[in-house]
Amino acid sequence: MSIKLGPNRYGKSENRVVRVTKTGGVHEIRDLNVSVALSGDMDDTHITGGNAAVLPTDTQKNTVFAFAKEHGISSPEAFGLLLAEHFVDSQPTIDHARVSLEEYAWERIVVGAGNQQHSFVRSNQEIRTARVHNNGDNAWVVTGLKNLVVLNSTGSEFHGYIKDKYTTLNEAYDRVLATEVNAEWRHNTIPDDWDKSYLDARRCLLEAFAQTYSLSLQQTLYAMGNRVLDTCPEICEVRLSLPNKHHFVVDLSPFGLENDNEVFWAADRPYGLIEGSVLCEDAPDAGPAWD
Amino acid sequence: MSIKLGPNRYGKSENRVVRVTKTGGVHEIRDLNVSVALSGDMDDTHITGGNAAVLPTDTQKNTVFAFAKEHGISSPEAFGLLLAEHFVDSQPTIDHARVSLEEYAWERIVVGAGNQQHSFVRSNQEIRTARVHNNGDNAWVVTGLKNLVVLNSTGSEFHGYIKDKYTTLNEAYDRVLATEVNAEWRHNTIPDDWDKSYLDARRCLLEAFAQTYSLSLQQTLYAMGNRVLDTCPEICEVRLSLPNKHHFVVDLSPFGLENDNEVFWAADRPYGLIEGSVLCEDAPDAGPAWD
Amino acid sequence: MSIKLGPNRYGKSENRVVRVTKTGGVHEIRDLNVSVALSGDMDDTHITGGNAAVLPTDTQKNTVFAFAKEHGISSPEAFGLLLAEHFVDSQPTIDHARVSLEEYAWERIVVGAGNQQHSFVRSNQEIRTARVHNNGDNAWVVTGLKNLVVLNSTGSEFHGYIKDKYTTLNEAYDRVLATEVNAEWRHNTIPDDWDKSYLDARRCLLEAFAQTYSLSLQQTLYAMGNRVLDTCPEICEVRLSLPNKHHFVVDLSPFGLENDNEVFWAADRPYGLIEGSVLCEDAPDAGPAWD
Amino acid sequence: MSIKLGPNRYGKSENRVVRVTKTGGVHEIRDLNVSVALSGDMDDTHITGGNAAVLPTDTQKNTVFAFAKEHGISSPEAFGLLLAEHFVDSQPTIDHARVSLEEYAWERIVVGAGNQQHSFVRSNQEIRTARVHNNGDNAWVVTGLKNLVVLNSTGSEFHGYIKDKYTTLNEAYDRVLATEVNAEWRHNTIPDDWDKSYLDARRCLLEAFAQTYSLSLQQTLYAMGNRVLDTCPEICEVRLSLPNKHHFVVDLSPFGLENDNEVFWAADRPYGLIEGSVLCEDAPDAGPAWD
């Protein structure tokens, strides 16, 4: 039997870089977690341990920090594009780079009438994400967010589904719908302002969640993706992963109490998980964008 | 050798209760994690397995959900006080109750000009906490918060410390100071409005962090506690646990780059941990408040 | 612009099922976390909220527990195969099922000379995993493990790599090599005994890690995959994801102490991450096996 | 109102030190997470930011690593005792030191007939813990373990408890009893061999769990503590925190299936939590041992 090396990549993960920019006494910060994954002809290091084609992961780490100084961090996407291009262009043995980024947002601490110019509090509402690919000829960018937890306390139903011998669920005509939004969206053009593009897409997701009268979490998912595509011309595909954070109505009848959707048990596991893609009919081929 | 039972308690932990209140079409939600711990004369259940003195933890769970319906949740503190009193007063075998609560805050989703009346997004900035004790005669309340991450990008120094044979640290005259605030504060009187009291104390912590020119994280800790006590007459003691979230200046000189406190590596472990109490001279005895 | 629904799936995740089998007074347990994901023509539920094609995730959960009773759990793979086939065969609207499983191992508690027949302690060394796909015509099985942490305290070097302007790493001729093995392997035939097959593959991974004199973590990765394929004829592809758990030699020279690879700092982030596939030249097409 | 500084401490937490000892080609490793907390007259650093009394946490970290070289790590307890004594004895401003330690166990990887002399796999069954206090005059040692998950699939009942208006629980005459053992024990004398003492106490906990026919988890808790005290003369007090990891019998009757304690849902939250101390009548005063 003959054995061979298949697809592979390697890199330095979770470089936590914080960049402070100072304009007079006013500071700005960007706080990223950057992971690099490179690939190319890496047969030697796998088979013989010959490392002549290997740019060490330690060097990749150094590059992340040096680039933060040399180029600043205008956005996760722009920073990822610079890094990915650098690795592919500067190293003959590297023919593909993926840079994955998380961004943690900070707000200024407000004191009295004004803001503190160099004091910040972390805003943990969601984590912004980006993935950038560069293969020497093209670049691809996917932006996203995760950990954004939302809830509608009414305006959701679920009925009309298949009943089989294992079905015990009662149909619901008014229920809580809650989920933790994990979304990513693919760009077909580079927006002028990555931060504005991010905020536009994020707003679409929240608004569509709030405004959709929902007959299934799938319907809400589709509405959220649809809203982003309808609103943001630079985006051609949205992928969503929505865990159904079940809020069960507690049966209070043993205690002589009614419960008209007022008291819920927020359960952990198991949970429904709804995943789907919404895309433009004319979206270009995704290539490696989602890898 | 003779063996005996020492201090003990038991209860149901992490009851995740969500309470929706509806005024016309406008919904409000409170989202709590409630843990109950009861104690009394429990020798029998430990030594012979006789459970005549035991109120089952399952019943405690039911009580949490039933009380959410019967009494509503006006605040974590008020809800905890009700529950603790109930267990001690209704069960002859229970002479002490502790109720620990976490609250997760939600904001309305803003759509266009207005708010959605039943749509919410979780605001993860910090977790609000409360601990209530009731021994049949008295009640004690400790309020707090955790996971509130703050950073000053300048305005911090550290020098003049002991040097011994294991010291290698360089003195710092301008450094980043960042921490994750874990604070709890003890009340000597019951405030009219627990939510307002919480927000006042939270604001004091943030403002003192931002406004203190810091020569040590200890100095910042003391200033934070002091500010709360100075501002909130209902509070007599503040306890803080502040991990020093180290942001190390990256040495970029090998690459011919200066780094004037612009690029940092945000490290995980090890970390400094500064813990301390700040209290009023005339604070009453804490009793079991901090247990 | 026209918008359409792309690939999607839905199901109940993290059904924690524990199955006890009793032979006389001797009990056996299997402890699984089962996640189901189904797909088919789900346009209606996404676009109009019509649920006529939807088997509720609640029913999927019930099925997992009912099958544990009806069929027992002989192995994660066999249990996953049964479930996946059931969903596709019993529901006309479902044309593809994926069942993902984690298994937590338990050992008997040994007391004195013998074992306790119904007393167990959880063995947390690794989590066993399985993924099963069924599309109505074929089934695919991937088995794996995660969280298996291994370390060689010598027998590892790293040198001969690319140096560029961002390189500061010193070449290493004797270093600690540690990783957390995350591995999955694809079967081309169904083994007689899934548990034996699992243990064989696991042993190969450990032995190859221990016996490989390593010039790069990539070389170790390839050796591990190669060993599995060489030893287990039912397996045609191995995919490995190996974080380099860096153990840095602490510089003790400021204290007048040598450190001949005796004292290490076990770092968290950043870390190298090496990912790769090793497969047989004649491995059949993977189809959806890895999705 | 006058405000003052209350109890405080500071130190470096989570120093992850791995120590390799080499005897010929045979290596041994000990893998610790060490946290130091010091206290003394620290008014100045809190109130004025004067650091003349402060031994930096960075120096504490260096000391941990240097001591690992100079003294080796014969056990977590012995290493903690050395460190705590050092800080108190060498620094006039430090009058109390607490050293908290976690140890992660490793086993040799077995290959064929023999063991690999420098290859290890981490054994995650439990984390061993130790806490050492030194106040200049005395030292105290508490040893423990956490994350040890155990289960009896029969031999447990629960009935005869209080019923009130919120009680719905059915009495149980055969149930699964599972918990995650978190235990700590206090020494009144220093054992000759800390590792042997640890293994003895651990064995007692497991055996008592397995051999106790249980009418309540409290009864099991007491039996576990009692067994340790009965067996290990160097130990005078045991504290246990036992979450009741509920395994609910799944109701399969809607599917026409019986469930004679064969299929369980392993739930996450809420959970019962049983905490208690078992001690010798003549145990000396605990002093700061448990702080």
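Letters A, B, C and D mark the chains in the order given here, with residues in each chain numbered from 1 onward.
The rule we apply is simple: a contact is a pair of C-beta atoms (placed from the backbone, for glycine too) under 8 Å apart; a residue touches a chain by one contact, two chains touch by 3 or more.
For clarity, every value in this text was computed on a predicted model and none was experimentally measured.
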(request) Could you name all chains that are in contact with chain A and with chain D at the same time? (result) B, C
(message) From the C-alpha centres, identify the chain that is farthest from chain C.
(response) B
(request) Return the chain pair with more inter-chain C-beta contacts, choosing between B-C and C-D. (result) C-D
(request) Find the geometric centre of each of chain C and chain D from their Cα atoms only, then give the gap between the two centres in Å, rounded to an integer. (result) 29
(message) As a quick test, compute the distance in whole Å between the mean CA positions of chain B and chain C.
(response) 37
(message) Roughly how far is chain B from chain D, centre to centre by C-alpha average, rounded to an integer in Å?
(response) 24
(request) Would you mind listing the residues of chain D that make contact with two or more other chains? (result) 15-16, 62, 66, 166, 168, 254-255, 268-269
(request) Flag every residue of chain D that touches chain C in the complex, lowest number first. (result) 15-22, 27, 29, 31, 62, 65-66, 68-70, 106, 109, 111-112, 116, 118-125, 147-155, 176, 206-207, 209-211, 247, 250, 252, 254-255, 257-259, 261-268
(message) Under the definition above, what is the set of chain A residues touching chain C in their complex?
(response) 1-16, 35, 37, 42, 45-59, 61-63, 66, 90-91, 93, 158-164, 166-169, 214-216, 218-219, 221-222, 225-226, 229-230, 237, 239, 243-244, 269-282
(request) Note which residues of chain B are touching chain C in the complex, please. (result) 165-166, 168, 254-255, 268-269
